[in-house]
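Each of the next two complexes has subunit A plus one more chain, namely subunit B in the first and subunit C in the second.
Moving on, here comes the complex of A and B:
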C-alpha cells in the first residue's frame, strides 16, 4: 500500500510563494481555565469585536469567515454553524478548518489563501476552544481504533514518549537537561505576567519549583506542560490592494508553509529528535521570505510549544541553533525578552492553551508585535516575526510576517 | 450552449475524478476506501503522487469517531510531508477551498478528498450533536427531524405537497443506477413509514458509505494533461445561514441563493441555464427549495442519475455531485453545469460550483 507513496515534497512545492496579503487587525479574549461567564458564541464575539476594533472596520466589511476549533473537545459536530453568529458570519461564506493543534495556524493560512485568491478582499479568521465544556483528553484519545486507540493517552502520554527519546539522545550526548526545560517553563510564565490575556499568571516561578512540581509522566513535570484554557482569538486578513489602500500599518505575510507527517505512533520513532515536518515547513517558509539565518533575521518568535522540551526541540528545527545547542540557547538567555531572539513574549502555549485558538494566538501575537501594540510584552523595533503551529503527532505550520509589504 | 461572450475566465481546471460505489456498508476501512479513490483519480488525471502539491480533505470528527479525523487518511491521500488542510464540512466546500488556494498562487495541483461512513453509527442520531447545546439539542432535534419540520411548514398551506414529493422520490429512484436504492412506486412511497412527519422513509435518500476524490489544477501552468475538452471551474460560492432556523430561513434556502449568486457573479452567469444540474437534496421538498434558490426554473431538468436518492454518504455528497457534472460535461463544447453541496441542519451551510467547458 505504501510502495507508491512519495513522502518527500517536490522543490516547487517547498518554495512557491503566494499572492501577498496582510493582517490588518487582531484581537483575543482574556483566557482562563473556565470562562463560565460566556457561551461559545459570546466568547468568539469578544475576540472578533476586539479584532474589528483593532482593524478599524465594521462587521459588514468582512467578506468571509474561517473558523478553527476541535469539535470533539466540546463534543460537537459543525460548531461553526452555531457559533458563526458570534463572528457576524450568518449570511456570509463560512467554513471551519480542524487539524488538531495546527488548526489555528492552518486556518490563518487558509485565510491568507482566501484573501489572496482575488475573490475576497477581507477575511476574518477566528479560533476558539472552551475546554471547560468538554473533556479534552477523551477527545484526544479518539485515535485510530485498529492500531493506536488501545494505547491512546492523550497529549501527555504522546509527549512523554517522544520527549523521553529526545532526552535520552540529547541529555546524554549534547547536554540538554531537565533544568533547561525548567528554564523554558520559567521564561514562559514570567513572560505571561506581562500579558493581560494569558491564562497562567506565575511571575515569581523558579526553576526549583518547576523541578519540584508533580511528575506526570517521566520526564514531564506538571509545570513542563501547557494548561487547558477557554479562549478565542481572531485576525483580519486583507488582500494586497485592500491593505495598501488603507495606508495604515499592517503585518504582511512573507512566508507560510504546512507539512503533515505519518499519523501512527509506530511510524513516528524519534519524532521530537528529527522534527522533519517542522524542519521542512520552516525551510519552505524561510525560502519564501528570504530568511537565511533565522536567529539574525527574525526579531521575535511566537512558537507553539505545548511542552517545555518541545520548545528546545523547536529551537533546533527552526534553525535558531545547531542540533544539540538548544540548551546553550536558553542558558545564554538568547530567547529571553532581552535576548537576541525573544521567543514567546506572550507566555506561549505553556501559559495559554485553548487549542482551536492557540495557533491563531501565535499569529495574533506575532502581528501585534509588528504593529507595535504589544504593550508590556513588546519587543522594541520588531519588524520580522515568526509564528508556528504544531499538532496531532507531528504536523507543523510555519509563518513569517514582516512590517513591510513583500 | 453558453454564448461565447458569456464564457468566463476559468478559475481552475478539473484534472481527474473518482468515487467509490456507495453502499449501505462498505466492508473496507476508511483508509482503504480513500486510497481506492485517490489512486483512481490520479489514474484518471494521468498524474503521479509527485504531481500533487497539496491536499484538501473533508471529514467530520463526530461521524468518524476520530479526533482530527484526517489523521485516518493522511498517508493514503499522500499528504505525508505535504501541505494538507481539512475542511469540516461538505466535500464540495473542500473543493472550493482548493480553488482559493490555487487562485492565491499557493499550489498548482491539489487533490480534494471526502469520505463518509454512515454504517459505523446511527447517522441521524449523531447529527443531534450538531445542534447548539443550549436551545436546540435539548429539544431532541436532529437533521432528519429538522427536515421534517421544514417539510411540515412547506406543506402547511399546500395540500398536494406530500403526494407531489412522493412522486418526486419515485421519479428520482426510477433513474437511479448503481447506488443503494432502486425503483419504487409512488404507492409504496406513500405506504412507507413516517420518519419525520410528513416525510416518509421512501422519500428519504438512503445514506451509506462512500469516498470521492477530485484533482484540481491551475489552468495557467500549461499542464500537459489539460486539453480543450477538460472541464474548468468558473464560479464558486458558499454560505452559512442562521443556526436557529425557526427564526427565518426554514422554508427558504436563502443561503443557497446567496451562494449561487456569488458563483454566478464569478462565472459571469447572467441567466442560469445549465446542461447539467446536480443538487444535493436528501428529501424531495429540498429539490423545490433548491430550484427556487438557484433560479433554474421548475421545468429545468436535473439529477439525471437520480441524484442523492440513488444513495449517498455523509460529507461526500457535494463533491460527488461535482464529479457527475464534470463527467457529464467532458468532451462537450461550450456547456455549463452546476454542482451543489450542503451541510448542517435543513441546509444551513450551502456551497455551489459552476463548471464549464471552453
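Moving on, here comes the complex of A and C:
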C-alpha cells in the first residue's frame, strides 16, 4: 500500500506439528450439474458409504462427524440437521464448518485436530453441496449491507478485479496472459476426462476454444471459471494408534495450516498477487512437513482453483516457482500429468465444484493418490501430496499428506 | 432405490424476504458524512493505515480505532473489469443491466480500496492507474449508492 507506515505483514500464528493422524479411507459421489436422482441425505450417504467401505469400517466405528457445507447454497436451514442421519450421526458428536471454499479443507483439518486430540479415535468428515436446490447467487449477494452490497454481488466481479491486477503485472515481468490461463482450463478439463466422478469432462478442449468462449467479466471467459455442481465427499480420519493397529495403507497428515485474512476485497493491496493468507499457511504446513523445495518434494497437488488465473497465482504462493514464473510453469508443462508436479489430476475445482465438498474432494483425491487407487488419473509412485483450500478471498488452507507415518 | 424411469416430485417455493441491519457507530458516522458528500476514513493509531469502510478494529494491529481523517472523492483505479452477466444487485434483488464496468478505487487519503461501478463499460477506457472521480446522486440519502459510479477523469 501507499502509506509508509503500513507494513504488509500478517500477525503470525505459530503452529506446532500436531500429533500424527491418518486418513484411513475416503469416498465421493459422482458430481453433476443436477443430482436430481437423490435427496440431500441420500447424496451424503453415497459419499459416506464409499468412505466407510474404503476404510473397511462400520458406522459404529465412527466417534464424531464433521460437516462442511454452505447452507444458503442448499436452500435449507441447517442442512447438516437433515443430512446427519445420512452420515450415521445420530447419537454422536456432530459439528459443522462453513468458511466458503475452505469449508472442506478446514473441516478436514478440524477432523485431524479432533483425531489427534485423544478425545476421538475415528472421525468422519463429510462435505456436501446441492447447488441445484439452493440460491448460490443470493447467498453470495448477502455481503456487507452498507458498503458494497450492490457492487460485490456474486463472486465473479470480485475475482475479475483481483485478476486484472495479476494480468496487469505481465508487462512488468510478473503476472500471466489469457493464453496461460486458457492452458490451465484445458489441463483441468482434459484431466477430468480421466476422473469418473468429475462434472465437466472435456477430453478434446483446446486453448482456442477457451479463448473463444463467452466473456463473463474481463478477462474471465466462461471456460476460465468453475461450474456449480451437486456432490459430496468424505474422509475417515484415525488417531495414530488406531491407524497403526489396522496394519493397512493410509495417508498420513504431515502438515496442516489454516489462515484467515482481512474481510473486504480492497483491504489488501493486489490480493491475488500477494496471496498473504496462502503464503502464510503454506510456510507453516511446509515447515511442519519438512518441505523445503515444493516442486521437488511434492509428487502431486490437488489445489482449490475456482478460476484458471487463481491456479497460476497459487503456483507462486505455494512456492512451485518464483514469483512471476507461473506462466512459464504452465508453458513448460511442469504441472501436466507427465510433468514434474502434476497439479489437479482430478480436474480440480474447475471441473467439479460442490462448494462445501470441494475442499474435501481435494483431500480425498490427494489421499487416493497416495494409496495408489486413483486409476486412470494416478500419478505413479506418489508418496507426498498437497491439498489446499481457498475461501472467498480471505481464507486459505494448506495440507501435506504422505504415505509414510511421520 | 428408485428405478431409472421413476419421476421425482419437485416442489417450487417463491419467497419475498426483507432484512434490517444495524450499522454500528463507525458506519453510522461514515454514512452521515456521505449524506453531506463528505467521505471519512478511520485511522489505526498503530500502523497508520486509513481504513474504508470504517470499522472498530485494525485487523492487523488488533487495536481499537477512533481517529477520523478526510478522504477525497477522487482517486486511482487499482483494478477493473467489465461484467457481461446479469448479476443480482444485493440491495434490490434485481439483476443489474449489463454490460457494466466495475473498479477497485483507492480514494485519495485512504489506504484501502473501494469496489464500485464505473461510468463506462468500455474496456478501452479502463486502465489501472487511471485517475477517477465519484459521480454523486443529486439527492443524497446517506448510502453508498449516493455515489452512482466513478468516471475516468479527462
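Everything below uses one rule, namely that the second predicted complex is superposed on the first by the 386 of 406 C-alpha atoms of A that agree within 3 Å, B and C clash if a C-alpha of one lies under 4 Å from a C-alpha of the other, contacts with A are read in each partner's own complex, and residues count from 1 in each chain.
Just so we're on the same page, a contact is a pair of C-beta atoms (placed from the backbone, for glycine too) under 8 Å apart; a residue touches a chain by one contact, two chains touch by 3 or more.
Because the structure is a prediction, the values reported are computed rather than measured.
S.K.: Under the stated touch criterion, which partner chain does A:211 make contact with: subunit B (first), subunit C (second), both, or neither?
M.R.: neither
S.K.: Thinking of the overlay built on chain A, is A:72 touched by subunit B (first), by subunit C (second), by both, or by neither?
M.R.: first
S.K.: Report for A:295: first if it touches subunit B alone, second if subunit C alone, otherwise both or neither.
M.R.: It touches nothing on subunit B or subunit C.
S.K.: Just to be sure I read the superposition right, which of the two partners does A:405 touch: subunit B = first, subunit C = second, or both, or neither?
M.R.: Neither subunit B nor subunit C is touched by A:405.
S.K.: Return first, second, both or neither, reflecting whether A:259 touches subunit B, subunit C, both chains, or no partner chain.
M.R.: first
S.K.: So, A:146: does it touch subunit B (first), subunit C (second), both, or neither?
M.R.: Both: A:146 reaches subunit B and subunit C.
S.K.: Using the superposition on chain A described above, determine whether A:157 touches subunit B (first), subunit C (second), both, or neither.
M.R.: A:157 contacts subunit C only, not subunit B.
S.K.: Which partner, subunit B or subunit C, touches the larger number of subunit A residues?
M.R.: B
S.K.: Using the touch definition from the top, say if A:287 reaches subunit B (first), subunit C (second), both or neither.
M.R.: A:287 contacts neither subunit B nor subunit C.
S.K.: Quick check on the output: what are the common subunit A residues between the subunit B footprint and the subunit C footprint?
M.R.: 1-2, 5-7, 9-10, 141-146, 262-263
S.K.: So in the complex, the part of subunit C that touches subunit A is made up of which residues?
M.R.: That would be residues 2, 8, 10, 19, 21, 23, 27, 31, 47-53, 59-60, 62, 78-85, 87-92, 96, 102-104, 106, 111-117, 123, 128, 143-145 of subunit C.
S.K.: Considering only the defined contacts, which subunit A positions touch subunit B in the complex?
M.R.: Subunit A residues touching subunit B: 1-2, 4-10, 12-13, 16-19, 39, 70-73, 75-78, 80-82, 84-85, 89-100, 106, 109-110, 112-119, 133, 139-146, 256-263, 276-277, 280, 391-392.
S.K.: Going by the contact rule at the top, pick out the subunit A residues touching subunit C in the complex.
M.R.: Listed in rising order, the residues are 1-3, 5-7, 9-11, 36-37, 137-138, 141-154, 156-158, 160-165, 168, 214-220, 262-267, 269-270.
S.K.: In their complex, what parts of subunit B are in touch with subunit A?
M.R.: Residues of subunit B touching subunit A: 29, 35, 39, 48-50, 53-54, 60-63, 65-68, 70-72, 74-76, 78-89, 93, 97, 99-101, 103-108, 126-127, 129-134, 236-243, 254-255, 258-259, 262, 266, 343-345, 348-349.
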